[in-house]
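Structures incoming, each one as structure tokens.
Note that chain A is present in both complexes that follow, paired respectively with chain B and with chain C.
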Partner chain A sequence: MYVAVKGGERAIDNAHAWLAEERRGDISVPELSVDQIREQMTLAVNRVMAEGSLYDPELAALAIKQSRGDLIEAIFLIRAYRTTLPRFGGSHPVDTAAMDCDRRVSATFKDAPGGQVLGPTFDYTHRLLDFQLAADGQVGEVQKTEPNTGETPHIMGFLDREGLIQTEPEGAEAPDDLTRSPLELPASRALRLQALTRGDEGFLLSMAYSTQRGYARNHAFVAELRIGTVAVEMDIPELGFTIDIGEITLTECETVNQFMGSKTEPPQFTRGYGLVFGMTERKAISMALVDRALRWKELGEDNLGAPAQDEEFVLYHADNIQATGFLEHIKLPHYVDFQSELELVRKLRRNVQAAGQDESKGPSGGSFSGKMKEGVGS
Partner chain B sequence: MDVETNFPVMIEARRAWLSLLAKSPAASVERLWNGLNIAPDHTLLRNPEIGAVMVRGRAGAVGAAFNLGEMSVTRASVKLGCGTVGHGYVQGRSKTHALQAGLIDALMQTDLAQDVEAAILIPLGQEMDAKKKIRASKAAATKVEFLTMVRGED
Partner chain C sequence: MTDYNFAYLDEQTKRMIRRAILKGLAIPGYQVPFASREMPMPYGWGTGGVQVSAAVLTPEDRFKVIDQGADDTTNAVSIRRFFEKTAGVAVTEATAEASVIQTRHRIPELPLREDQILVYQVPIPEPLRFLEPSEVETRKMHSLEEYGLMHVKLYEDISQHGTIATAYAYPVKVEGRYVMDPSPIPKFDNPKLEMAGVQLFGAGREQRIYAVPPYTQVVSLDFDDYPFAPTKADHACDLCGATDSYLDELIMDDAGGRMFMCSDTDYCGTRRVAGHVGAQAAALAEDAA
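And now, the complex of A and B:
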């Protein structure tokens, strides 16, 4: 329960002024610009866009600056901002097969058409601190070769043609939207994917990892991971036709999972799917594993009681803004709540003490904690 | 889909320039617009407005649609003195960008089309293509060329 508490305005103002000063840090060090954050802290910007659920690199960079690099606080700022924007409409589903890929790798097929393209990856680096970077930010020349002009088809399509992979069911063209109506269970796959793509990266990583360690193991291979840009198309009512309204960077992960068959399905491969704003590889792979784990019912698998299979557990705890809002509110004034708790405990103690005196006729009769338990229990 | 493939050439062309304007950086559009150096008489049918579009994806890339998240979009509509209407829908939050896109869209439907195309759309398209090509050629240089190792003796 909240009860209005007055006072503290001056303290709050002063705290915020100090926050602004601390955010700026040592003024002998040049100030960080929003452009610098956008260009040089790109992966932080991408995470804030993905979990803030708004693709706008400038705003995400501003939010990171304002939040002193606290990414959950930055995501909070973006979520709050996005609620102020009028919704112009919904796009056509993006065509990720037509992606201009910066990166495209497959862990299942070496010779996939389009090839294995590493892109600007941390993989194969030695994870040694580069002190050169502390001295100067010089970059060497980047190699270029003739671009791939051919198609880069989805690898999953090849398995699909052989009938070895589970087919993906069709759904509504205008899917349920958890920003418009509260998430109710059981949730459609569309709602689950929406909740996962904006869910906390750390939470999803841990849930995905739990499936790898044996809590509803689903034997995932990364059939394909691609990162690049896609056009976003929307019908414009005043024009009467579709145009591209923008271009965004996405990370897509398709897993192919071993599946022995179930009561309803023949032995085949099944799939998990991750699609996330920005270059967000860890998140997209995590999303695909968790998506697959949540599909147990649809595929006729057993419920092993694993956390990653528990839709309610996953979907209701994946959102870091809901989580942090509830978690952090307990530090705010609860004076009246606590006052009543205090009264209760004092009363219980009085009762216990009175009962103890009746029994032993003296203060030395037995341990106090033992009586406390009896008192509470009675 | 059938409707789209049968689109008249004019609508196809208009779709192409609107898409280009939407995806181009606001700064590039502004620089080229200023280079054209005209100030067409116009009224605002819709003031530049910042909003969001819900971007969708498909489960497994091919299945049911789902909501991926929103992107910021700005739109504006203008009417030239001659009555021609132009619409701008652009990515991001630049009202100037949306307004200039709307004006360019309107002008492209007038006698000035060739000038506007030459001064703005062609260089803008080249700039975007060049940028894409550079990225694609950097990606191509990171393509793995597998070597088959012959092991053992037969």
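And now, the complex of A and C:
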């Protein structure tokens, strides 16, 4: 009753205290350290960095700890922190051709300069629970070889040389920044890719999957998937030269898509592109497929009305922080709106009931007023 | 909290938001795109209102936050605390004493003055959104002043239900030009949209700001033969006896007993202090004792 809606402040404080206790769990079990999360929950850390749009494994691990493992909550913490950071400027575009690859596979060529490198992948593991891991997580000896110091050129370059693949225009200007200017449609491809790379992995996966199942199918082959580290370089005006400010791990996926030609373009292969922070293979492949689906207009393809082709639909719904916030806000009080709806529904029912009574007096006698019951004694 | 700038946002961001606000005031009812920031509270929980408040607050301001008309609902508490912590501004629950009021779903009952700013939290700024899901299309409709779809919708309501079936977020036309969503306030509040105070609307997730300057004409859409009528529960407040305020309905017991009380807690409290007594005020005082 009346007192129940009071006391919001105390309720909030108590809820926060309880939350902290639940986060810690059973105190007889040792506390998880941020280092442990960063080193042993790496793929979770990578996802939080990618969708949080902030490359900082330490902070991402902290966010995962604070959010009790709820990754969307962790992404939210990182995003909220990220917006408060000053911007010193933009880096040079990273050169993924110069990537030190941990993994590099091509599904279109059996071999190519740089070779196929499987890397640390789940791909050919049998998904059997390893009960040994529950007891101890010791790892066996790993055979070491000399690192590949040669160049690993992009596979797409070979197709490009033959003119078989659509040429990509050089983007000379620095693209708009999605986080600094409002998204307005139609968006440039650079902006679309920004939205996709920070978009929700699950959403992109489903969108990409829908294209594979026939909703704007675009016959994608993974021309190349590479994961590794690249240097980030930046001009420092005060110094007057470029310095290397660090190294980041990226996953890059280039798809090559069959294309029969359109009114404006000859038959050739077309491209989809995915680039994501960390080791985030599923996301990068999904991104490339969705990117390709969104390019129908520039390639002169037909709009098939598929969700993945609809730029507005994809870009407005890919962000899980926007989505979860709006979804969960319906937990907030809506007494006022509900009250006005209540008044309206009561009025509509009175109208219907009155009409029903009028009708029952008539010869047809089809009354449904008996079935109508006034909900509450107003 | 010294780790963050006054009112949390950095000055560049506040300047960007102020520009959007000024543009909004210059074109009443027009939705100005702005580069909404991620805030430390979720989208959909008032981030647009919070960014607008952050941009207009000064250290001398006195800030009030209401949700559903009440100062003590949990999210209002949370937002008020946020600005107490990040801006160190004085806060109040008294409508008359506040210089900036952030609100969700209500306009205070007490008429606002010229020196007051009312900041609305807006979930979906586009009044045409549920008639046309595409933003590209609705922006075109606004620029062409093409509002036929809205009138058809209202007409269909009347033909199906005998009345316009919109009870809150009732669309208005501002200064004879833009059709605007007044945010999900009950249509009871619509007449108050013509006021002395400055009204700013912030939609964070949707990246839009719009505004209604003081003394601007705001007309609720209707038809000559079906004129707009603000409605409320047909009762008086059971606590303060007010008959002119918007009421919340509360369920009192398992038998479905109900009571009605002002949704505007400051209005109700002020009236009770002034000696107004509602039908159930005495019984409730005993309960509390």
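Some notes on this structure:
Note that the second predicted complex is superposed on the first by the 352 of 378 C-alpha atoms of A that agree within 3 Å, B and C clash if a C-alpha of one lies under 4 Å from a C-alpha of the other, contacts with A are read in each partner's own complex, and residues count from 1 in each chain.
One rule holds in what follows: a contact is a pair of C-beta atoms (placed from the backbone, for glycine too) under 8 Å apart; a residue touches a chain by one contact, two chains touch by 3 or more.
Here the structure is a predicted model, which means the values were calculated and not measured.
Greater residue coverage of chain A by touch, when chain B is weighed against chain C, goes to B.
Touch criterion met: A:Glu254 reaches chain B, while chain C stays clear of it.
Contacts of A:Glu312 after superposition: chain C is touched, whereas chain B is not reached. In the overlay built on the shared chain, the residue A:Pro86 is in contact with chain B and with chain C. Touch criterion not met for A:Gly140: it reaches neither chain B nor chain C. In the superposition on chain A, A:Asp337 makes contact with chain C only, not with chain B. Using the contact criterion defined above for the overlaid structures, shared-chain residue A:Leu348 touches chain C, although it does not reach chain B. In the superposition on chain A, contact is made by A:Gln322 with chain C only, not with chain B.
Shared interface residues of chain A (contacting chain B in one complex, chain C in the other): 82, 86, 179. Listing the residues of chain B that touch chain A in their complex gives 4, 7, 11, 14-15, 18-19, 22-23, 49-73, 75, 77, 87, 89-93, 132-144, 146. Those residues of chain A lying in contact with chain B across their complex are 49-50, 53-56, 58-59, 82, 85-94, 96-97, 100-103, 110-111, 115-120, 142-148, 154, 156, 168-179, 188-191, 193-194, 197-198, 231-232, 234, 236, 238-239, 241-248, 250, 252, 254, 271, 273, 275, 277. The residues of chain C lying in touch with chain A in their complex are 4, 8, 10, 33-40, 42-45, 47, 67-70, 72-78, 81, 104-106, 123, 134-136, 161-163, 165, 167-169, 184-188, 205, 207, 231-234, 239, 246-250, 252, 256, 258-259, 261, 263, 284, 287-288. Remark: chain A residues 1-3, 5-9, 11-12, 76, 79-80, 82-84, 86, 179-186, 312, 316, 321-322, 324-329, 332-337, 339-344, 347-348, 351, 376-378 touch chain C in the complex.
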